[in-house]
Amino acid sequence: MNAPAYNFAYLDEQTKRMIRRAILKAIAIPGYQVPFASREMPMPYGWGTGGVQVTAAILGPQDVLKVIDQGSDDTTNAISIRKFFARTAGVATTTATDEATVIQTRHRIPETALHENQVLVYQVPIPEPLRFLEPRETETRRMHALAEYGLMHVKLYEDIARFGHIATAYAYPVKVNARYVMDPSPTPKFDNPKMDNCPALQLFGAGREKRIYAIPPYTQVVSLDFEDHPFEPYRFNAPCALCAAENSYLDEIVTDDKGGRMFVCSDTDYCESRQAAGHHGSQSAAPYKEKAQGGSHD
Amino acid sequence: MTTIAELPPGFADKVLSAQSTFRSVMDAMARPGSVQRIIPMAGTAGPMMRGTAAIALTLFDHDTPIWLDPRISDSSDVLKWIKFHTGAPVVQDPSIAAFALISDGVLLPTLERFALGTNEYPDRSTTVIIQVESLEAGRSFDLRGPGIDDVATLQASIRPFDLFDRLRLNETLFPRGIDVVLVADDFVVAIPRTTRVVSKES
Amino acid sequence: MYVAVKGGERAIENAHRLLANARRGDQSVADITLDQISEQLGLAVDRVMSEGSLYDRELAALAIKQARGDLIEAIFLVRAFRATLPRFGASEPVDTGAMRVQRRVSSTFKDIPGGQILGPTFDYTHRLLDPSLAEGFVPEAPATAEASTAPTPRVTDILGRDGLIEPSPQAEDGAGVGDLTREPLNFPANRDLRLQNLARGDEGFLLAMGYSTQRGYGRNHPFAGEIRFGEVEVEFAAEDVGFAVPLGSIELTECQMVNQFKGSATEAPCFTRGYGLAFGQSERKTMSMALVDRALRARELGEEAIAPAQDEEFVMSHSDNVQATGFVEHLKLPHYVDFQSELGLLRKLRKEFAEANAPDAMKEAAE
């Protein structure tokens, strides 16, 4: 039996060239979904294969990689993907946002502002923002070609008529560089403003749907809205219970079965850095201690 | 007549050199007007510059039809080098080329002759690689567009002199268009179809 | 005090060890060998090779063992390995007319040149559980005969000689064979890509789609013109050698459906075709594939495409079980960030609803 031998960063060079060419076109046409011949990866479709292929195509030995899922470095799929690259590419990994050169993410944009020497790689399940309004690729492709986005505005307007608000809380559609309507991936709309005029390059990989798209640095990204119903990011009523941050995205933790709740930062690196810098919330242990190794979840 | 054994070599380390070269080109494309350096070196054939050779080894293969300007396509060494190291088919018709190699900007054909993509598939367009004299000195061009924090100033000595005027077709064609990569020795600058010149000093 | 959950890495490693133990099962029971899987669960191996798009019995058997018999998981393992293999080119088209047939049946003619050959089949077995198979069963030796040298021309070729069936649709001159694993799929897709998609497609999905055409959702009046299973030679035309080099032989099942005829004022009426091909012995798969192939030809045959099986985007986008299982199962991954966002919105909408619907007196009291 032929024992498989794998290349640096897993993908073979021909595949990397194909993905790299797609990335260049994606950057040249901001928000446009470039079809690419997505490969079968050793993790399931829907579990980050698009992001993994983009990361594998750009990653080099000098890079420092951070992987987050739901904002956290410690979620199982984030760990699994980080280990995959540590093993196949031997790259350094980090949990610190500002130390990373490549950040692969699922569902969040880090709270710490990104800088110019960073690439943010998003895992995307359904890249087509119009898909749930029109299931046919042939139709949605035509709509993008003609910049015919009336259907999306009708949908958002119907929300307003029914609920009084635009009832989209995540994967909130944006318009990139005043041309393409784009799906930001299922990030909460709280994160949408971070995409606008961002110093870092943002790359999006959808493996199962075989699309790559991009937002170059310093590019205008506008959340779709109406003059009388402007886009409003999600706001929390309470600060983080651990680090007292007032402007971060919070996870709701159910603490008992009697309605007990607490809210803590979804971005674990941000929260821990703040605690280390002396910020304390109502529930934090003071003084802050290094996070426990191993744990109780085995 | 050059035999394969005498052909200038490709990358010493194919995998890591291609990755490093790609990152330079990607950074160039993401930050139009910024000058990026291509570090890994390969042998060059005929009129190819070092940066051009590295880009060819990084992005060309069986799936990318290549169009060459008359000066390069006259060089059997370059043809052999491209075929041997990349396997890319050389085509006569620029409108089906994934990449075009222009050794000297005076040989640049009318841009409309290249693949401009379609409104449905604007990505199916030619990336034109043009070798220029300098990307450090020369006329200065103020550039705006995605990837640029307000204004980027490029100082370059470029032929054809009216390249940026010609690239105005990108304004009317968008999202169709031509993406340009400028190479001077081992420096690279990209001008994607979204970049606009806002002023230029003569 | 609250401590966030940590230790996912150890949890993953432990889960992998648990899986390895569950896979092995009771260690007092003998370890199953790849030969045993390949020889005794041969049809499972055939399916994994077909939908995994890789003809390698040993690797398919390994995948089945590793996947604990979960064939979709095994197909996934084979696909992921296949994706890393270098691709040298496309073989010459295999000649199924020259197949060394082990089984060959036609439902359209009582007898055909070369004969009907029943071969190894479940057909006509009584589906009674057989306790004698439970252990140590030694089958009776089958009757054998000298291999026939008579040619076994394809039934569709016999029909074709008289123009009774449309010629097999030909690709444009010089058009290479598409490969959807190398080029992203665009719609509308040509038949080469549709057939590739169906060949890799989930047997259960194709079965249901093919069945739906028989029940009237895009009916196309099929006859099983011929189903044949046997060995064919694979040849590869190497550019630098100048002639086709034999690579070896593989087992294939081919199904040619003969379907309702078409015709027009300018064209004499003739039967139409549906085609199925798979590795190994895979009759259900190839028959379903042939039904769906024919259904998907609605556009080129000028039929109105109204049924699910005739809808190219629908069929091709949902036929792949590796894609489908990944996306369905990804719902297991955490989604709490999105859920939080929805929760917040829902609470806000409910609050506004309650306020809007509260009796005026209460509203005033509240103010």
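Chains here go by letter, A, B and C, matching the order in which they are written, and residues are numbered from 1 within each.
The definition used in the following text is that a residue touches a chain if its C-beta (ideal position, glycine included) is under 8 Å from a C-beta of that chain, and two chains touch if they have at least 3 such contacts.
Since this is a predicted model, take the numbers as computed values, not measurements.
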Chain pair with the higher count of C-beta pairs in contact (A-B, A-C): A-C
Furthest chain, CA centroid comparison against chain C: B
Centre-most chain, if every chain is reduced to its averaged C-alpha atoms: A
Whole-Å gap separating chain B and chain C, where each centre is the average of the chain's CA atoms: 43
Distance from the mean Cα position of chain B to that of chain A, given in whole angstrom: 31
In chain C, residues with contacts to at least two other chains: 182
Touching two or more other chains - residue numbers and ranges from chain A: 7, 14, 35
Residue numbers of chain B (touch at least two other chains): 63
Residues of chain C defined as touching chain A within the complex: 1-12, 14, 58-59, 62, 76, 79-84, 86-87, 180-188, 313, 317, 322-323, 325-330, 333-338, 340-345, 348-349, 352
Contacting residues of chain A [partner chain B, same complex]: 7-9, 13-14, 16-18, 20-30, 32, 34-35, 57-61, 141-142, 144-146, 177, 179-180, 199, 201, 214-220
Complex interface listing, chain B residues touching chain A: 14-16, 18-20, 22-23, 25-26, 29-31, 58-61, 63-64, 98, 118-123, 125, 127, 146-150, 174-175, 177, 179, 192-194
Interfacial residue positions of chain A with respect to chain C in the complex: 1, 4, 6-7, 10-12, 14-15, 35-42, 44-47, 49, 69-72, 74-80, 83, 106-108, 125, 135-138, 163-165, 167, 169-171, 186-190, 208, 210, 234, 236, 241-242, 249-253, 255, 262, 264, 266, 268, 283-285, 291-298
